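Here it is, the structure, as structure tokens.
By written order: A, B, C and D. Residues from 1 in each chain.
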């Protein structure tokens, strides 16, 4: 069996979660997110962000995205997203299926700035013949593994406020984004600078679960109805509550993400030392090294990963993703092959 | 802490499931339902129904209902349901949110017959000014705890076929329906007599999970797209696969449901012996006894349950639900109070 | 060729409209409702209702209904309507197609009262598992030809305000409702007592056209976007503007409706004098007399109309609709047959 | 009052239409498109295309587009369009509001070829995480005034067939496209080479009205339900029937479009003789000449038109649209100014 670097959801969950599920298994709890674990987990998150935001746990990222966006927007309003946005490429039209257009902006690094958005607003002034841009969707870390700095997010957030745009941060990999060595952003700041964001559990040690955090008061009303209506309200909400309770205790969430980042950075460092180039300069658990096809073939004998992009006849970029659970052995073995071959 | 008879999703899950989650936790598996556990679990179900039906696991009942219905119907087609149908009353308009009307038929026992449906078809012939009835939604066991017999389902199924209607069975409590002492229906027969059905895990010992089974060939194409688009595709599909694998092995699924039914029937028997009446004559894990308000108050000191309906100034109907995990102690204690008080 | 009493949209339009279309045909005008005729027609309506309401012209009643309702409601909110409501029976699920459930209330006269609505609100308190009732839909005149009195509408309107419900009046036959001999309601009062209503042109002398009038400030924002998005914004808005300008000038609109009502009342009077009974006691342009099948057959030789309902083996109710264009001759001839036969 | 070259829907309609409306005004006709004029008009169209296609009249282009697309596609299927497509830019997200994504392809001339579509198909193979491309949307004449040749449409049509894609032609300006001097396409060929198309009346001499023509048998079933459900079914369908009957008689439709084209070509010729350049080389009723800002200012004193695009500090492109009703006088006067100024 080859070791897989294909994604960060190949394994089960952190053992603390399974232990907690076992310990609390016979408790009788209220359903639909009213269990005590969910309530406690929400309080832990509120403490971390120093805000009384409304919090809801749902099972996955596409679900979180479609719930938040369809709940915020009026029928004629639309989303602005980088062209690399998960909602544009990997969600089978889930946002459009709720009736909303996504306007796409090409960006090499997958990050949006006010300068990117200004022309989109300029080009949407033929009222009422065009959709109204209303929500800016950003991911952190992005789909390319890059991260927003505090200054970048502050500028973007201020711009959105001035232009009556909401800002929503997809945090499927929020832990990885915030614990990247070059990140100066904190969860507390994210809560201050966005209208809504979510904390991804699925890609960071949970079995399932994303925590939607609604900071903007205007957007809080009646959100629970949307969750139920879209089929996203689990009868046994305890499954989500127990997981986030464990992840939030003693910052396990951030430790797991930092671990994943470290493992990727070890590989990155080894490759750099051997002179390899990268598609983009990332500091989270995704790296995109450009390797010779013969090396890729060699690595493929022991590891699974995606060949991301053909560069020329001899070289291709591959994607390596590490996870909360990636042990040292496969990383070391991967590096060893590199060192032997380059 | 009072013991709760409020529903069948108050506790965690069967221990076999937690053990299996633990045993398989460090395996690397393909995501999105392509893991080996999901594949094995689907094969077990196919063996039980003796059919090569397409099978998909999703997290909950409302999700299963809206996925199946929105996937089958064209925009102008609608659903026929008993007025007690879960989709009509307890899903926050989830079906209408996908664009489809539900036509409601009043039925005391929550079960539909061809005779109920004929006038609905008659009243929808003003083409194209009315929706086109196309799918009959039935639940087994029903929301009232009643069950379909083989003959009843055969008649309904034949009627639907003649009238070009699809028949979809909501099996959130399929286990309870099929293991009711008065039921002569089997899962194999359900598969033969419906176009689509689902097997509910959430209310029968799983943490989450319903298995959608698509029997009709016409309806199979591209269903996976819908699951992803509605945000119902779990990255760690293993969570669903492992659970259904455990439930399907050695018929644990049916044993758990039969246990829940037995516990409810014990209480029913005790009440009957004391002369109590019931709102409806049920044989599954839901009973609706009519009790004096003083007895209800007495029982409320030790137990939680819903007061369902006021009968007169002195009597009300309550709803008692037992589960796969309801031990003998609370049942015996409940019966003892009854015996002392009536 | 038989004369048709089947509906009030069998003929073209009032000649003033065709004359105006001809007179203004070669003018160049701005598109999409910004033409001078539309602006003038809106001002005339505003003068009549003594309110600065927002006004939009669209082509038909189903379009007006779906636009207003989908624009007002959030995804989880629903409509309350009498079971006879046009939106429930004759619009091919147009409202549900925009994602919203309609809760139906059985009423013999097709009119809603606060007492009808209270239990619906009571039965929708299981948050968030049920849709949230938010908009009350009423028709005047109703689909059964009945009308709201001032007092009735005042009570209903006050109740809605107290309960945070919007009230929307379908006025496909508003002219007929307000000019009914027993009506003490005025257009000005309708504007004061509803959040939104519309004035139907199609059934009262126009080729197409309904004037949506938005009285509630909260609901005015960005409505034009919805019109465009639903495909309801005509490039040549002049077609709607010119028609409503003609209809509103010197109250032609109300004269046409009063004429239609008078013709129906003549037939009603004749039938009453001969002892005929009616399905409901109406005072607008729809009557539902109960006649012997032999008389119905006799009348069918010269006239077209719908046989509405079988009463017994010998008698049926028919529906007779008169229009703005129904001349005296067919009415007199119809009455003569009755007088000869009964 | 300045003469407007801003669009082709500034005036009323061809006088034949008003005359026919007047002549038939007092006829009693069946509603909802079952009138004799609609039936006759449909037969005339069928004769012209030599096909028994299903035909429906609706009021406008956005309505036609959203009806056709939402009727053809399953929820997870999407549209492919040139970036200039009307559905992408000028319909307020009408297509997305029905749940479907549009994939955009940048093309300078607004026309799609198989080579444009191949990479889109290649990039949408990550099943089920991406939408499924299923319908190719083309306009003729395009939004830029360009036209498809027979060979181009034949290639595109064959490619679509091979790849199981439907092809839908937006014919809001079909008349102009087919009567362009460089066009070798006929309406009969359009019917053979597309699954669905529509003939635009609004921009070619009608008050309102587009004729949707469904050629592919698979797509015909139950289309009328969609029309009603989307609020697009006019009670007085006669208004549409009478107009198309007049336009189709003796090819008035094509004469009107040819006239509009000729008037634009006169201006184009005059400009070319004076050495003017154009944004694109068009042969229909839209031209985009690049003029000096001083000339534009001069022309603006007597004419209205859109300044389309700044070229440099001294020059801009303007858009001139002529219509079925553009007389010689304004065209000659416009040319005279040009000749005096350049």
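Methods note: a contact is a pair of C-beta atoms (placed from the backbone, for glycine too) under 8 Å apart; a residue touches a chain by one contact, two chains touch by 3 or more.
Source: prediction; values computed, not measured.
A.B. asks: Of the chain pairs B-D and C-D, which one is connected by the greater count of C-beta contacts?
C.D. replies: So, comparing the two chain pairs, more contacts are at C-D.
A.B. asks: What's the distance between the Cα centroids of chain C and chain D, rounded to whole Å?
C.D. replies: 34
A.B. asks: Taking each chain's centre as its mean C-alpha position, how far apart are chain B and chain C in Å?
C.D. replies: Averaging C-alpha atoms per chain gives centres 43 Å apart.
A.B. asks: Taking each chain's centre as the mean position of its Cα atoms, how many Å separate chain B from chain D?
C.D. replies: Each chain's C-alpha centroid was found; their separation is 51 Å.
A.B. asks: Residues of chain D that contact two or more other chains, please.
C.D. replies: Residues 75-76, 91-93, 97, 128-129, 131, 225, 228-229, 233 of chain D touch two or more partner chains.
A.B. asks: Think of each chain as a node with edges to the chains it touches; is that a line, ring, star, complete or other?
C.D. replies: Shape of the chain contacts: complete, all pairs touching.
A.B. asks: Going by the contact rule at the top, pick out the chain A residues touching chain C in the complex.
C.D. replies: Touch residues, chain A against chain C: 32, 70-71, 74-76, 127-129, 131-132, 222, 224-229, 233.
A.B. asks: Hey, which residues of chain A end up touching chain D in the complex?
C.D. replies: Touch residues, chain A against chain D: 75-76, 78, 89-93, 96-101, 126, 128-131.
A.B. asks: Show me the residue ranges of chain D that touch chain C in the complex, using the header's touch definition.
C.D. replies: 1, 3-4, 7, 9-13, 15, 18, 21-22, 24-31, 59-67, 91-94, 97, 202-203, 207-208, 225, 228-236, 238-239, 325
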